[in-house]
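Order of writing sets the labels: A, B and C. Residues in every chain begin at 1.
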């Protein structure tokens, strides 16, 4: 009894609303934007090579990379502490950890606006010690902070999942064989948790490199990232060709980083392959 | 007992170009306990699934009481199955699992309650009605699976390695119990197993299969004593199998000497296989033996000792209740009746 | 060492919660300044309930989340069963098709969908928002339901047929009850994704139709307004209450089942 047909409505839905739109992006990216007469052209991609835009791409990758590294450094110990806590408290801790994510994404970003402002709470607090006020908002620091705040859970949860499933007998065996806790960490725990670390890295890097809300609100629009550039092309300058080319580059960037990650991570379910 | 209920006519099955069943012909009678026996991948489970309606044959006919039922879907066949891992519905309790088929046949609640109770009595599980599936032991789950199938009063019950997941002691108990259930219900059981001992103890008829072909069909005693070829002999018991040469009727040459036997009909000088069961080799004093050898290994097997006796370049497997220590010289006697001469199979 | 561990966790939790708590506290602040406490007030909430535009966007957010997650759950569950029954290339193709939008950057999904709307001349507004939300919710339903199907004993379906159930009945009485937790998880995931979405809504809406995220974004770009704090507080408390309510129901249900087994 075959029931393949049950997937067909979904298939056609996805074909119309996901594949066709992406093909349109591809089409526009290779089409000369003047007059929109539909001539094949590399002009949009050549424009990306302009130092002005290369600089934007470089900034996106750099800020996303810095945020990812900080998330890893901050998040790994959190994941370990969560995994080590007693089973009865563990569930509560995880719930406590996840609750802030239920706050709207924009809200979390907006909250930092009020904190970082020149007359915001942090500067008021520093003022009591005779420091500041500093320009915290609309800086690269604010953008990176916003990314870390929003995406830290994406780093912690995959690492926690892997660590939690790890057989505690493995570290005990390491101690038993005379390894110090530090050696045990680097030779046993860390290598075994690598799949979690890798998926954490991609889960932080991906949204960080593509975001346009965080640089818009916390960077005050002064630190343009690829996302902002794409938004401008579609909503302001109406240059679909260039915007599409940028989107294609962003997709390639993501697929490339996924590829690198999955290269190190053989532990994938069926149907991976393409990515 | 000769009333036919199911017949497979030239049934073949291919999966992605691999011939899983190679034109099987098989007749199954009412009230018969038939066992499909063979190593994994021999096609026994596929045969069962074709009878159950979960696979359809690539070619050939499946007859039920003389009528072709190839196209009849499984939910319309008067056949029920006890699945390998029981396939009990985890979201239903014992009662509802057993009542599942009855509810589909739209029986009223009173009838359902009565039938479920009877079925539970049959498998000695009264009082377990409200229990969840996961709170049962493997043996109890097994019983529920049997009750769930037989409560629908099928004409044929299919059992797909139902005892494989049980431990040895429980398996032995269930073998006896299954046989009793079959006798009491008076229906046909088609039982799939790879365990030759299970097949020998339970069946009326054994069907030995290999590589999608039927090797031999017969009563347990015939299969055991008169295996048709080397594969059956090897699979049914851990025999010693030797290359030999037929001399003439009632005479065969192997192990560097001629023996009297009871076989005939082979061509003179024909290459044959000779099968000797380990319990048929009698150990005697060296000078009284037809063959002489040295004991090289002794393992106690509970009832008997299994010994390996080296004689020339042949290692004989010998079962005996008396132990001969390693290194001792022994003689061996094989009676004509215990020598099985078989056609050589090209392998 | 234990003290160190505890204080590290404490600091991280402070980092995670402080902005949210301050946001909530300042929704009750009489002073418009964000640096100082000017006394307790409900003024911002009063203003909020007089702001029709903001209330409409809250209403839109909830309606879209409910409709989109229900449609996505129905369509996605049926599709998951279909995909589960597929084999070989077709199956891996469908699974890759499902992962594509999950891995694709939000903003690319958003602008490509926008292009499609313009090309097909679908007016941008409530309908386009719904279509977009259903589309990005669908894969999440499928990745929640598929693992449950994979965990199923494949013989269970055969067993139901063997006992006389038609294929349809077998699905409803045997398969569905067992994948229900996955369907429910998929629904919740779709619902929260829809509530939380900004990027895709931002590009696929138009004609003045706005959801909460879009309203907040446009207000926030103009500067800080305590009214936003008030509406976010309501949303956060609402979601928190919903989650705890659901969690309780799930827990009592499962403990009921546990007791039934003994």
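Here, a contact is a pair of C-beta atoms (placed from the backbone, for glycine too) under 8 Å apart; a residue touches a chain by one contact, two chains touch by 3 or more.
What you see is a predicted model; the values in this text were computed from it and never measured.
When every chain is represented by the mean of its C-alpha atoms, the one lying closest to the mean of all protein C-alpha atoms is C. Seen from the Cα centre of chain C, the chain whose own Cα centre is farthest off is B.
By number of C-beta pairs in contact, the leading pair of chains is A-C. With centres taken as mean Cα positions, chain B sits 59 Å from chain A. Chain A and chain C, compared by their mean Cα positions, are separated by 18 Å.
Our note on geometry: chain B versus chain C, Cα centroid distance of 55 Å, whole angstroms.
Residues of chain A found to touch two or more other chains are 1.
The set of chain B residues touching two or more other chains comprises 73.
In chain C, 167 are the positions where the chain touches two or more neighbouring chains simultaneously. Those residues of chain B that touch chain C in the complex are listed here as 52-54, 73-76, 79-81, 83-85, 87-91, 93, 100-101, 104-105, 130-132, 134-135, 148-149, 152.
Residues of chain C touching chain A in their complex: 5, 8-9, 12-13, 15-20, 22-23, 26, 33-36, 75-76, 78-79, 81-83, 85-86, 90-92, 94-101, 103-109, 111-116, 119, 131-132, 134-135, 138, 142, 167, 192, 195-196, 198-199, 203, 212-213, 216-217, 220-221, 224, 228-229, 232, 235-236, 239-240, 243.
Chain A contributes residues 1-11, 13-14, 16-22, 24-25, 28, 74, 77-78, 81, 93, 96-97, 99-100, 102-108, 110-115, 117, 119-121, 123-124, 149, 152, 206-207, 209-210, 212-213, 216-217, 227, 230-231, 234-235, 240, 243-244, 247, 250-251, 254-255, 258, 270-271, 273-275 to its touches with chain C in the complex. Per the touch definition, chain C reaches chain B in the complex via residues 153, 155-156, 158-167, 169-170, 173-174, 177-178, 257, 260-262.
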